[in-house]
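Order as written gives the chain letters A, B, C and D; numbering starts at 1 within each chain.
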């Protein structure tokens, strides 16, 4: 990877971190409502994998902790923030909110609130790819807690049976809200669970974006070459609580949190770039400042100044705007 | 096993076979309605396992192919036949039918029509045992097709996590209606699928009742001693169609059917007993005649002559007969 | 114009839609190689191959979700759930996902899936195979729900459902697959909204759908013998209920009998009654009468089973009572 | 008599019932060590141990089934499903199994489970966390369905539900857990059937449950200012609807406003209207009015969200209109 690209990638990660922190602030100011699940600590997962996939070409789908996956897919951060602010300019037109970002143009096929629900949807994206005969892949990011849902099993089984082009990325942050991995499943290594489907799988340090990229290369190659699905487990940690109502303490020891803070993916990568001589401490500070400035000067004002949805459009988007097809007015013979 | 017991066991198996064949006849005469799923070919599974468990002490639960499991649990075959004939004397009072036999007194906790639904129920039976502190076990019989349901995964995970006393018996007859094992899952050995939960498991010839008993001994010992759940896969075959509307051909080759007919569990066991010198050909014929006679002379007449449910009781059993507890009339302080 | 079985009308619609668009595919248990429990896809596995007529493992929730995901990329899946009772396993994917994705995405992502599933009380199939779950789907925002009662509708509504850009639930009935009826030879499409008057009359309006439409037609025959002229409305679409067609009829008859196969509490009969109340109250000269299933799990015993659900006699009886001529 | 939070009333009921019977246990996500999302089991993991206050993996269908299976052996599980939206994953176990086992077994096997789950529109939680699924459960034969709107009911209905021998679904509401109210100090039990008049009045009857009871009470205040005397009925139990209490009220007021938080199609409002039609038609001097949610997935945007569901103002407005005094 070129030095410039490495710097760019770090810049994106720093930006994502600041974006999420700014969301927390906006939540406290009640500019953002509902549930809010933030990503700090897990950045190397989305960035490592999506950097090596083809954004806006490959499909991406995930759960409710979805801001960063959308942004890395190519969604304008302004549209993400505007969505959180419930504006018409939001990437889901203010209807979806934090847990339901969508950006079809960039092939970001949504964040979903129900744990485990995206597994089959991802399988379907891959089925669509198969029938359309492209070399796209579908990438599904979910937490390790989701692996206890029935949909995990059903989906892995069909994915491997039909060798569909889907990459499952398990962001194993050790907890599902307040319940630890060890208290929810007897087999702690998630990648071992897919042996039950004879699926290719591996486990990697999810804090080191270089390691993630290397694993992602292998995984993506496998899937894109038509060898079927792949399950990539990334060991990671969320530095914050599960959502804004959770401190993230109580069920996690201070020691554990501290240990993982020392492996903060952004600082790990920063230090490596500095060691490699392609970044200085000062450049990093500048990068960081720039990110914050962009958020404060462009992104927040855009969200704040955007209009809310028109209340007269409350019932729009429940069904197709055009009732014609449902009424049997189809182009006969045509598609 | 004593010679007398071996003869008795064979007699029970022969009886079960004739019972099922008589059901098919009654179905054609429209004495039995609804869906009917018969057991011929798989007898060594239920008999091998349940012979070694403790009938009417250990809980048994299964799917819709449930007549023989109920009978081996201790349910009076007359009550089973009466149920199929939809009579008030039936083991479910004519309300359940073939797919929903129940006999709580004998700890037969039901047949269920929905594939995969009994898995969690079995787990719950085991949870009940745990809280009640007995040395009972719960035995759950299901087909290999059921292993593709999400409940399989969710249940295996919790069973092992909490080390509950449940024995899962997978009667792998290679087909789920018309869809073969190979066309529905990439890992054909079902016992390997539970590696994903670190559950003890094994695979055995399900046509040889001696082999089944030996495996069952091991499995039951494991569960009863408190070492957690066990998954026992029995390789078997149904000699008939899936249900009365299926010939069982079409999707299975004549060669395959013939091969398995040669390993008919009843004739395998009969031949062994003859070879062991504890049964003669003539004694077997007598045993078989006796079984048929019992069915024709006792069981069918009982079912035929039994009254149907009282139509005025249509709405009975929807809720508790006694509305008191629901109205808050509880023995305060009492249990 | 030829006579066709209901199942064969469905098979023809599948065949034509699979031929029309390479992104149409069918998925369900035993629908491929084994030809389908109700033969709605017979012969199509051979014709279109295993990637387009797919035998699914017994994983209702996830193959429904697979359909939804594929539909988001432009495919038009037809999902067969072998019995509507099994569709309860898929309600997360149907109700939480497919029905809401268009809205949650601000109109960006459509989910043009079709879910076909037979429900209703067939013959002694017992409580777990006799569910009538139309209430669950017709109560869900974002879905279309239709109930073709005749072969012609089965054909023409399935075809429209495939072309429609909304998720459509088609509720069929195990006891109707072998019904024969006219189906025009030329390709055609039926609307997924709007009731139809399937028999004209002037004394009373009998309202139903799917199986209860057949009871109502038979009841109308019986009532005619007694000199009562019953109009029969087949709702065809359960979401929304076509209040206008009902109102036009009640303006003539002033009397409504609602027959449904589902049990009353929070059922289709309640919704139909509410629509009448809201849109036709002043046409009525008395409260509409509901003829519904009893509020019990369906018993296996045949007599109990018959007692648990309505039939033509019960509809006719309730009508005569309403008209004071019992 | 002390004031208690709704959540704390639930916690107390859990505590008393766990203490009373060693076969009572609670299971749900994060209810044990983490103390429960809504604190309904706070402190009880420590008190009763991990075998009786159980943190479940994210496997709604199967831990609900676990509860049902255990109940068949004599246990009395209290299952918490963190949000009723997730309960759609468990509808097979709830509707096909728990609700039908007693009947299918001819009365032999009872399933005394309690399923507690909050639903409703809280505040901008979006379409997948704002479902109101009471219709699904109240439409199912074999279940009891209750909706405690006040802390006292939350306490006393949960206790009865645990002792009751039928499967009971208790629908709570995310926006009510922090409501405070009187809860008597002595142990007591409330019936799982029957509505209660929570405010007397003579001009109009406002009917609702759970959140809409709170809207109705606030609307009655507003209406009183305009000289309108509204009677408020809190249904409390949704299966069956207590037609007798409604009839007694309508015999006085002759006018009904039905307010529900769920969308109208095949919703609780339809069932309430049908019950009124069947049991109270001749008490009415006009059709009952429904004030319901819009038929849309619930939007995230706050203004749209507010527009999607009723509130006290909308109930009051509809009432004034009905009374011709708008």
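As a convention for this text, contacts are C-beta pairs under 8 Å (C-beta built on N, C-alpha and C of every residue); 3 or more make two chains touch, one makes a residue touch a chain.
Keep in mind it's a predicted model, so treat the numbers as computed, not measured.
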{"item": "Chain whose Cα centroid lies at the greatest distance from that of chain A", "value": "B"}
{"item": "Comparison of B-C and A-C (more C-beta pairs in contact)", "value": "A-C"}
{"item": "Inter-centroid spacing, chain C versus chain A (mean Cα positions, whole Å)", "value": "39"}
{"item": "Gap in Å, rounded to a whole number, between the CA centres of chain B and chain A", "value": "46"}
{"item": "Inter-centroid spacing, chain C versus chain B (mean Cα positions, whole Å)", "value": "36"}
{"item": "Rounded Å distance, chain C centre to chain D centre (Cα mean)", "value": "30"}
{"item": "Chain C: positions in contact with at least two other chains", "value": "56-57, 59, 61-62, 85-86, 89, 92, 96, 103-104, 126-128, 141-142, 295-297, 299"}
{"item": "Junction residues of chain A - those touching two or more other chains", "value": "92, 94-96, 100, 112, 114, 148-151, 154, 157, 161, 183-185, 318"}
{"item": "Chain A - residues contacting chain D, complex", "value": "33-35, 83, 86-87, 92, 94-100, 112-116, 145-146, 148-150, 176-179, 183-185, 250-251, 308-309, 311, 314-315, 318"}
{"item": "Residues on chain C engaged by chain B in the complex (per definition of touch)", "value": "29-30, 33-34, 37, 55-59, 61-62, 85-86, 89, 123-129, 294-297, 299-304, 307-308"}
{"item": "Chain D-touching residues of chain B, taken from the complex the two chains share", "value": "59, 61, 90-96, 100, 102-104, 109-110, 112, 114, 117, 119-132, 138, 150-151, 154-155, 157-158, 161, 316-323, 325-330, 332-333, 335"}
{"item": "Chain A-facing residues of chain B, complex", "value": "148-154, 157, 160-161, 183-187, 192-199"}
{"item": "Partner chain A, residues of chain C touching it in the complex", "value": "20-23, 25, 51-52, 56-57, 59, 61-75, 77, 92-93, 96-97, 101-110, 141-142, 144, 156, 160, 163-166, 187-193"}
